[in-house]
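The same chain A turns up in both complexes below, where it pairs with chain B and then with chain C.
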Partner chain A sequence: MRWGGLAALLVLLALPAVLSSYAVTIFILIFFYAYLGQAWNIVGGYAGQLSAGHAAFVGVGGYTAAMLSNELGLTPWVGMFAGAALAAVLGGVIGYLGFRFGLRGFYFVLLTVAFAEVGRIAASNIDALGGALGLYITFTGDPRQFQFQDNRAYYYIALALLLLATGVAWAIERRRFGAYLAAIREDEGAAEALGVDTLRYKLLAMLVSSFLTGLGGTFYAFYLFSLQPNAVFGIPMSVEIILRPIVGGAGTLLGPILGSFILTPLGELSRFYFGQSGLYGAHLIAYGLLLIGVVLFLPEGAYPRLARALARRRARP
Partner chain B sequence: MASTRVTRRTLLKTAAAGAAVVGFPLPLRAQAKTFKIGVIHPVTGPLAEPGQACRVGAQMAAEAINAAGGIKALGGMKLELLLGDTQTKGDVARAEAERLINAGAQMLQGPFNSGDAAAMVPVVQQRRVPFLIDIAAADPITANVAKSVREGQQKLQFVYRNFPTGSSFGRKAVQYFGEIFKEAGVSPKRIVVMHANDLFGQLQARGFVAAHKAAKPAWDIVEVIPWPEPPSDLSTEVSRAKALKPDIIAPITRPASAQLLLPELRKQRVEIMGIVGPGSPGLYEAGQLAALKEDLEYVLTSVPWPDFKNPKTRAVAEEYRKRSGGKTFDTNSGYSYDAMMLIADILERARSTDAEAIVAAMKKTDWQGQLMVSAGPVRFNELGDNPNAIPAMIQILGLRPTVVWPKESAERKFVFPRPKA
Partner chain C sequence: MAVGLTLIFGVMRVINFAHGDMMVWGMYIALLLSRRAGLDPYVGFVISAVALFALGLAVQRGLVQRIVDAPHEMQILLMLGVALVLENAALMAFGPEPERVRSPLAASTIWLGPVFVDVGRLVTFGVAVLLTLLLWLFLFRTDLGRAIRAAADNPYGALVIGTDVRRVYATAFGIGAACVGAAGALVSPLLPFQPATGLSLSITSFNIVIIGGMGSLLGAFIGGLLVSVAESLGAVFLAPSLKELVSFSLLILILLFRPAGLFGKRAP
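Up next, the complex of A and B:
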């Protein structure tokens, strides 16, 4: 397993040398959404607290870094941490409100959605943030401004982000913290009865998750060069973040990554094959059907199934 | 274990197909037979309807160019369109730009939505592919590229736009209001702005108010009344407006809210000189005309519009109506049609498919073939924008959208103040 991971990493490190710029773009999107999925996975998967408003953290992180760069000339390499810290503060507020007052299930989902919507409406109405038109970033290609003339630089940064989030998730999984989160997910009452400080650990998971997601906001801003309130704070972004861990297997280390390696190419391929026809939206129908298939046949996610299949094969003489 | 084997095979097949799509570098061709243009619009998603109109407009123009013998300066080279869909998502727009350039696109046209345009800019700058924006209004898109070229961070600007910029919409609307009042010999004083409180409505309202403030005309905006979009009822908003004793109601609507607002203004008998909009959908589309009928009569609104005084526009509009199942040739189909025709003109002058030659020809553009109402030939300024791309003031007369201003493009003289019922 360990050698397999290392080999995969070496392949990923070498890939940009042989890939076309379009293929590199697809890998960037795979890594980036896997990264956001992994960040969500910490609170949504391991701790089982379904947040459907993670877009808020992308928005806060992205807007903060972009504003600091546009207005004060602060390099996004620093600004990204300011953005992530602000996202973590927001995560702390949402987490405290939700967990302290015992909002579970749908109620917590609604709380997170509400905060993201508040963020969206606020950003659309604050002129200093560009209002509904959004914030535009000048493309210079200067690496000091987190911009790159070469697509491959984004590839390595997205990969590094993914490794960072996966490393964090791995560390949590191995520690007592991870066991507490699993206990909270499986039966919160029982965990509490056994003396787990559930509020504290849920909050901690939320802080880590929102910090990492906020970090991703900077990447989004400086990869796509504009921030629109509807795009970064909107519900579609939150869904996009959740989809990968759900498809790949929430609460597993490799789930979000596997999910991203399934979904992003699926979207591209269906667009490639069906997008040229005169039937508008045929590719979205194809994508939707495939998605339904995955959820129907792999309800617990692709990774647990894959892991079992591998284990069976290994067990065979 | 047969199922495992099938799965694996399917997986391999899919992977191979994926590799075929994304992995293979394009073989260098000595001389391409066609000139490939990536045409990227949001043909699915929330902006699918205008996006599809744009695509059809570009396709019709390319077919017309090819039918007339292609690009003559390049030996009759035909245009080949590679179609892309942004789904109104920045990341998809960026990936589509990469995909089409990879598939051989030598120029790009699109993409309707400003955020998508911003995401495509770094791709075309990196890969040195000229990009003509047919629709997308946000000022910074071109201005930002021009700035980084001016400051030496980028060598050459590959992004140009033939569409009115966001800031010019409000400016032009304020200007047209004043000119029409003057021409009509009236001096309305009190204008009430009523607008949908969504992204577009806010933008339009703010742009209009800001332009009014800067121009300091003789008329005042006495109140700005927003409504949540889509509204369920507008009677309170209308009675609030009525209480302000306005001379003019300036609405910024969506189709759904226009269907509530206009009948409500009639029912409450708001006494005004007229309804004059700074620009918004809902006041001129075929479906709206069918639904609102007389309520739309005499309504004026500022919008980029085809110049139907031009016989060519009428012919294209008729063909478009047939092709699109009865739709009006409008802002979206019109500007996309113009953009493709403009690309043909640029290629004729570039006499080469080389990106830098195309950009050089683009900068020297002086083209008069537009079907859209404009203030003069297409010429790109130092930002890469065409200041001659302007909206027009249209009025519903006899249940038909009719250009009434600027005077040179007017199909008929406007009727203002509107006749008393």
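Up next, the complex of A and C:
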């Protein structure tokens, strides 16, 4: 397992040397969405708190770093942490309100959606933030400003982000913290009865998750050089974030990554092919059908099934 | 439209994220009828309702029925999938441009006592009230309606006394969808729409239902009035683009302090 992971990492490190620029772009998107999925996974998968408003953290993180860079000339390498911290503050507020008032399931989903929507409307109405048109970042190609001529730089940054989030999730999973989160997910009442401070651990999970997601917002801003309120704060963004861990397997370490390797190329290719013939939205239909299929036939996601199938094959002599 | 959602949620505790998209389909059906057959949307809404009833029934039978006992999260995700399919099927079929159904009624206005009113709005409002009343009569005065409420109250108990709970669920889902279809067709002359409208409609109707109280018909009706009044006040006193902000803030407050809604009985 460990050797397999190392080999996969080496392959990924070497890949950009042989890939075309378009393929590199696809890999960047795979890593980036896997990263966001992994960040969501901490609170949505391990702790089982279905947040449908993670776009808010992407938006807050991205806008903060972009504003600091545009207005104060602060390098995004520092700004990204300011953005992530602010996203974590927002995550803390949402988490505290939601968990303190005992909102579960659907009510928590709605609360997170409502906050993300408030963020979207606020960002589209504040002129200093560029209003509905959004923020634009002038391209200078200066690495100190988180801007690169070469796509491959973004490839390695996205990969590093994904490794970071996966490392964090791994560390959580191995510690007592992870066990507490799993207990909360499986049966919150029982966990509480056994003395787990559920509020505290759910809140911690939310803080970590929103911090990481906010960090991703900076990458998004400086990879695309623009931020539109509808794109970063909107519900479709939240859906993109949720889909991958769900399809791959929520609450597993490799689920979001597997999910992203399935969904991102599928989405990009169908967007590309159907978009050419003027049929927009085909990739979202594919997403929708896949989601329905996963819920009906693979409710735990693809990774646990795959892992079991592999283990069975190994057990057979 | 919130009335339809209330019915679906109240009876089955299924969260229908595809609600707004179903409504948009109701609008497009009205549009097709008026373009191709020259049928006024104020007549065509019956056909929209029937079509959506069939769609709701199919979604319920084919998909929701299989996971009615699964955790809420799974249902949310399932309906999200349905919503994605419906919205983007509309996008592929009708394109992204905003549309509006023309109706001679919507263009005319009359003096009603001292106020000047759009006939279209008046008819829409009248039919909406009538539908809510009919639904109320159906739920409280007919056997099937009583069965629906029984299944909502206590599915197991209803099963014991011989109710076909599965059939009741399917009917409730179908009727809920039919209400949405009718509502969609009825507002289609008043409100320009496009496939992406569905999502915001879903959110608005959740808003209304949560504020009014899950599973309460009266609550849905009053919640609807409350949300639209709050939004119009917000538009007047703040800025037109900020009106949604008002209803979302209202939603957050209600969620925190009175999650069962203003007229709901149970705490979540």
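To be clear about the criterion, the second predicted complex is superposed on the first by the 290 of 317 C-alpha atoms of A that agree within 3 Å, B and C clash if a C-alpha of one lies under 4 Å from a C-alpha of the other, contacts with A are read in each partner's own complex, and residues count from 1 in each chain.
Methods note: a contact is a pair of C-beta atoms (placed from the backbone, for glycine too) under 8 Å apart; a residue touches a chain by one contact, two chains touch by 3 or more.
Every value quoted in this text rests on a predicted model; they were computed, and no experiment measured them.
Enquirer: By the touch definition at the top of the document, which applies to A:L12: first (chain B), second (chain C), both, or neither?
Expert: In the superposition, A:L12 touches no partner, neither chain B nor chain C.
Enquirer: Please work out whether A:L284 is in contact with chain B alone, chain C alone, both, or neither, and reply first, second, both or neither.
Expert: Touch partners of A:L284: chain B and chain C.
Enquirer: Tell me the contact category for A:L306 with respect to chain B and chain C: first, second, both or neither.
Expert: Neither partner.
Enquirer: Now for A:P265: first (chain B), second (chain C), both, or neither, which partner does it touch?
Expert: The first partner, chain B, only.
Enquirer: Scan A:I137 for contacts with chain B and chain C and give back first, second, both or neither.
Expert: A:I137: touches chain B, not chain C.
Enquirer: Between chain B and chain C, whom does A:S124 touch in the aligned arrangement: first, second, both, or neither?
Expert: In the superposition, A:S124 touches chain B and chain C alike.
Enquirer: Let me test your reading of the model: by the given contact rule, A:L199 touches which partner, first (chain B), second (chain C), both or neither?
Expert: neither
Enquirer: Taking the superposition on A as described, I'd like to know which of chain B and chain C A:L29 touches: first, second, both or neither.
Expert: The first partner, chain B, only.
Enquirer: Can you pull the chain A residues that chain B and chain C both touch?
Expert: 124-125, 280-281, 284
Enquirer: Quick one: in the complex, what on chain C touches chain A?
Expert: Contacts found on chain C: 15, 63, 66-67, 70-74, 76-78, 80-89, 91-92, 96, 195, 199, 203, 206, 210, 239, 241-242, 244-245, 248-249, 251-252, 255-257, 259, 268.
Enquirer: Flag every residue of chain B that touches chain A in the complex, lowest number first.
Expert: Those residues of chain B that touch chain A are 4, 14, 17-18, 21-26, 43-44, 48, 52, 83-85, 87, 89-92, 94-96, 98-99, 101-102, 114-115, 118-119, 121-122, 125-127, 138, 140-141, 144-145, 147-148, 151, 153-154, 166, 198-200, 202-203, 206.
Enquirer: Spell out the part of chain A that touches chain B in their complex, as residue ranges.
Expert: Answer in residue numbers: 18-23, 25-26, 29, 124-125, 127, 131-134, 136-142, 147, 149-151, 223-226, 228-231, 236, 265, 267-269, 271-272, 275-276, 280-281, 283-284, 309.
Enquirer: Using the touch definition from the top, list the residues of chain A that touch chain C in their complex.
Expert: Against chain C, the touching part of chain A is residues 48, 50, 52, 97, 101, 103-107, 109-111, 113-115, 117-118, 121-122, 124-125, 235, 239, 242, 246, 279-282, 284-285, 287-292, 294-296, 299.
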